[in-house]
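Each of the next two complexes has chain A plus one more chain, namely chain B in the first and chain C in the second.
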Partner chain A sequence: MELGGLDLSFILNKPLLKELISVILAVLSSVMVGGVIFSVSGADPLLAYSALITGALIGKHQIAETIVKTTPLLFASLGVALAFKSGLWNVGAEGQIVIGSLVAAWLGFSIMGLPTIIHILLTMIFSFLGGAMWALIPGILKAKANINEVLTTLMMNYIAYWISVYVIYWPLDDPLSYNPQTPHVLPSAMLPTLIPGTRAHAGILLAIVGAILLIIMKKSIFGYEIKVVGANPAAAKSAGINVPKIILTTMVISGGLAALGGMTEVIGRDLCLKLDATLGYGYLAVAIALVGNLNPIGVIFSSLFFGALVNGADVAYRVTRIPAVVAQAVAGLTMLFVLMKGPMLRFILKLLTWLKIGSRSGLS
Partner chain B sequence: MTSPLGGLEVSLFLNSVMVLATPLILAALGETISERAGVLNIGVEGYMLMAAFASYAITYYTNNLWSGVLGGILGAMLISILHAYLGVFLGTDQVVSGIGINVFVLGITSLWYRIIIGTRTTPAIPPLEIIEIPLLSQIPIIGSMLFKHNVLVYLTYGLIPLCWFFLFRTALGLKVRAVGENPLAAEAMGVRVHYVHFFCTIICGALAGLGGSFLTLGYLQLFFDNVTAGRGFIALALVIVGGWDPIKVSLMSLVFGGINALQARFQAIFGTYRGIPYPFMLMLPYIITLVILFKAKNAPKALAVPYKRKK
Partner chain C sequence: MVNITKRFPGVLANDHIFFELKKGEVHALLGENGAGKTTLMNILYGLYEPDEGEIYVGDKMAQIKSPEDALELGIGMVHQHFMLILPFTVAENIALGLARSLKDVSKEVANLSERYGLKIDPQARISQLSMGERQRVEIIKALYRGGNVLILDEPTSVLTPQETKELFKVLRSMANEGRSVILITHKLREVMEVSDRVTVLRRGRVVATKETVHVNEKELAKMMVGREVRFELARHKTKSDSKILEVEKISALGDDGLAALKDVSFCIFEGEILGVAGISGNGQRELAEVIMGLRKVMAGRILINSKDMTNRSPREVINEGVGYIPENIMMALIPDLSVAENAIFGKQFIAPFITTSFLLIGKNLFLNYEQIDKYAKELVSVYDIKTTSIEVPVSYLSGGNMKRLILARELSRKPKLLIAAYPTSGLDISATEYVRQKLVEQREKGTAILLTSEDLDEILSLSDRIMIMHAGDIMGIIPTEKANVEDIGLMMSGIRRA
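Then we have the complex of A and B:
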């Protein structure tokens, strides 16, 4: 593959570079195809995207809101990435987030007289445990009875959703509010503000700590075992790895991380649990984990991208009346393009080579 | 005649069982065929949702229910072609492709719905006409359960044995099952594995599309975000529980239609004055799906394994 004397085939031999270029290609393609779909459906794509970028990144408040949106997505996608890495299709982040937010909403206002640090720590621990327990159910079904985790985690999402509706309308209904929401959490449970005057809170730092812990874990024996189980469960078993134990541990950590994403929405952003506050986050997290190549550092960048997308879409709606659900449509497209990234990169390299050859033969 | 189910006629209740079961049967039949060939369509939820939207929107504009049904089927088939391209020809992971399709379709249908209709009003569309089969519909209980429906339900009655016949009594059906169990051996016998995969995925799209169209045109007469509410996922579970057999899968769907109808009744009876909050009723189908998955049987051996041709 020669391009003007430049050999491009080296890209295929450098895994990191190849990964980076193909992911960028995938994201660009989804943005382009998204633009075509918007213009077909009667929305001006250039206006939409420019409103999206302005809304997400230009100005202190916009950046702060992007950070706010990124926080739960980062937590959840770290959890999803870990599970996917071990070969578990945990698509239950949606429900695990909900359970985490329920626990946080309850502990946030019900325990009085605790110092701030202890209250937040307690809320974190129990939110994590809540999500971990929720993910443990499909984990046990998978490890003990070999029941497909895709279906069980999906069912758990719907169950969690209806539990949240129940909790918000019945036992934890805020009598002072007309909106369906729980009472506000106590000041001692609130995450400190990161950028004064905005809603950006310290949750993002916690999420980054989570990512760092996962990177450290990758180097451990457990991290290695996860990788082996994900690559080849049969080989892992014959190598003496306790596969059910790995499945259960992975699900617990994965669900717990996702639940922390729900927690930050309650004690960081809304300061109470509102109905449908985290709707769709779990499915976005799947897209983010895949775009981030299931790698904690990659996931940090891809959740920033999607956080900006979701926040920008909210702002774009107010400017252009293009509904904010475009974020979801673009996320789905990105997932599909990420699947195609390998063949796409090879195709484009081939195309470049072919174009060069074409022009050369034209010259001579 | 009043029943113990709270002043509701038994026949009317049984009628609603069939209505609630029909979209599940159609989606599950499609999934049965594609999984028999070894292609997993997690995106069946997305196919249904796309069809539900397309049939609603087209009927809304044209006021013609038949173009709605057709549009729904075509919309779902288009999405299934996308899955077939990714999962069959590119050999990518079928779980991820399916989830991607679901996320994309949820986003795009919600977007289009807001662009076309907005969020303030939800205009209803005319229902498909109910055809009472003379004589048969007069049979007590069974009559109104099975023979007082719109034409799509009758079509479903025909599709159940047809799918069974196709899979177990035709040469093509044999090829489909062979590909799902052992694609290498099938290819050695001269079966074009990729074409069988492609064909069965699109059949799945068409049947799920019919189910999705029925949901909006034959039952709800409305569209809202995520109108399918996991019905496609439940259909996926029903295929497993029904052991990949069109007849058993349809019977399981019928049982599930019954559970859904009961759930709706309970909601009406207990939800109002006996203090069982309605969210518990609404989560019932999903809990039952979780429980019945314990009865899962052996899947086709090459399910969800992308087939790579040896050159």
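Then we have the complex of A and C:
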């Protein structure tokens, strides 16, 4: 290996570059290990990946579907990233999404005679509030009684899920459909289509607005205080920060954002709430938030990556007969590698330095 | 120890060190923090392996790869942080890991403690013992395991002056019996008081090894720092009659739910330094936290600028013009945030760092990063903080520079009251000098300062009045002119009141 006498250790002193390189390394590693999984499952990994890429990105419909898949993931992972940034391990996006989709489905078909803008806005506000309230419960338990939010948010997911099953089968069941789903939302509640002739809807724009708001928020006192609380809650107190207030506010915004992801699935994609429509999104959002380094811009890109992965996996399945869950396995791997990224980068740099010394002594 | 060299990433901790210990001597190892004293002794005790160099015990070269090897050679060490199991008794702690009956151990512990005047009850539980008594247990533990050589790492930092005296008596009697003692310290007075010889380390190198009788404190200080050191600070009378802080009969609980402050009353005047003397853990931290609004007051009142600030939020206290240098710097800095962001830690809601936004007109919800950067640059240059830029995370700074940043931030806001808890702990001599200088300057600008320190000399040289705390109680408040170390020591150990 020839490095041309380049000393790579400077990477460790550039925070942004270090993050970028280590995330890319993590993603590459997971793709490689994923390839091994493909091979073991009896498929040609190159074929599988090329099918995946084609299926996700080549062609108008493919891109549109990737956008559709990305939208709820982006909303949810923005929420997760915000909570993680403040040191709250909110793994409840799954349930918060479900609550958002329930509220959207109900308001979407039940309120008649509203102008489109008003109807959509109203649905947005109440979906947000629904998810916010859902996240507020673990938030209060954390802020007032210091009960571990990982457990409470996780348990809230099960409660939300079974509530949705109940609601879809009974009070809001669509009498005209044989499938378990709610009645279709009214045209006035539907998000406009983004790319004509496809399912891509304006939800993605809303999600990007959400990301921009979070970026602006970083420059606020609140954004600063979130960072401080996330890094060291005990120290935050001595900086005059009202820690319980920060915890509650963060949970509200985090849950609200995730809920909007559920809403877009209802008033953007399916136009009704189907059983299991958002299954697994909330957990995927945790991976996305971590890969995006909890940074709104990073999260936009990692959402796109995972949106494409999930969408492409369906196509790869049709070509290679490898179940789409393999994509989930790759997602899981990515999360593992991202969590290991720091030590991994240091190891690789060490390896490169060692190889360099090795090649030199080999020459002399 | 011959030619000992030890490297850590980025630091040469020990650079070809030669160190010799004679039988029956007390040998002081003197140096500033980071001079490499503890590293050298950890090598001798087998906790680190040297990169280069050899260790000889007697005439034989010794391979010390672990503390077990060291103990086998008769080398014992008492660490700065005690390694005792709190719920166990003294005898149980000493017997730990040895295949001997508790009865035998108890008997021998009683023997040893009598022989050296190390008063201790083998049946007492560690959790009931004072810091001084715990140290005795550690010493007996080391002796029991066959210590011909005893290493003590900064042993006096947890002791009252009286306890220190007793310890030194014990060390002398051990030396007279032919055992050897290595005393790691940065306090010059201790070197003069107890040692036969002294080896001075600076930046990982030996400056000199001298017979203690042939040197004086000034020479030692010069060897240790590498230049002349001023001990005296110029001070002018600045005290006025207006009270900045009044604490009236406050009581508060500690983290363990037990009373940590009992009916504490005192006041600080404008332009006055009130030094708090006491062994750490006697309510000093709780006192600072109560004033800052970080700990609940159960009874009593706190007035700042004659305003009742009892149980107000930290934000309200900060807004009243109170600066805070906590004993743990991690309570005053966030390592992952940049120098600039840390420069406004605890000031993030104060003008000029805040600004309105285009979204919410008229409300100061946003940070003015232009002002913050300007301010951070100013702090870095005025207070001479060594950093490559104000954008790098604070964790890239050295400990001394972190402390400087905290000091800069708290002083630059012109506080009316400054709570300074152990502001010089962990700093080298020149940084310590700098911090003390700044505190005196601030006093002259009229700030009232509550200064906690474990260094009695520091308190004596900086304070206008000295308040002595013991077990959450105030044993007395005396003007510095009338203070003497003996009395303060007795009050620190709760034996006497002023």
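Rule of thumb we're sticking to: the second predicted complex is superposed on the first by the 361 of 364 C-alpha atoms of A that agree within 3 Å, B and C clash if a C-alpha of one lies under 4 Å from a C-alpha of the other, contacts with A are read in each partner's own complex, and residues count from 1 in each chain.
Just so it is clear, a contact is a pair of C-beta atoms (placed from the backbone, for glycine too) under 8 Å apart; a residue touches a chain by one contact, two chains touch by 3 or more.
The model shown is predicted, which means the values in this text are computed figures rather than measured ones.
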Chain C versus chain B on the shared chain A, clash or fit after superposition
fit
So in the superposed three-chain picture, is A:170 touching just chain B, just chain C, both, or none of them (first/second/both/neither)?
first
Students often get this wrong, so check: with C-alpha centres, what angle lies at chain A between chain B and chain C, to the nearest 10 degrees?
70
Who does A:275 touch here: chain B (first), chain C (second), both, or neither?
neither
Across chain A, the partner (chain B or chain C) reaching more residues is B
Looking at the overlay, what does A:232 touch: chain B (first), chain C (second), both, or neither?
second
Touching A:242, do we find chain B (first), chain C (second), both, or neither?
second
Could you say whether A:222 touches chain B, chain C, both of them, or neither, answering first, second, both or neither?
second
For A:351, is the partner it touches chain B (first), chain C (second), both, or none of the two (neither)?
neither
Smallest separation in angstrom, by C-alpha atoms, between chain B and chain C in the superposition:
6
Shared chain A surface residues [contacts with chain B and with chain C]:
none
In the complex, the residues of chain C that touch chain A are 292, 294, 313-315, 317-319, 324, 326, 330-337, 341, 344-346, 348-349, 354, 357, 359, 364-367, 369, 393
Within their complex, chain B touches chain A through residues 42, 82, 86, 90, 92-93, 95-97, 99-108, 110-112, 114-115, 225, 229-230, 233, 236-237, 240, 277, 279-280, 282-283, 286-287, 289-290, 293-294, 296
Residue positions on chain A within touch of chain B in the complex are 37, 41-43, 89, 91, 141, 145, 147-148, 150-152, 154-156, 158-159, 162-163, 165-166, 169-170, 280, 283-284, 286-287, 290, 323, 325-333, 335-336, 339-340, 343
Enumerate the contact residues on chain A facing chain C in the complex.
15, 216, 219-225, 227-228, 231-232, 234-235, 237-242
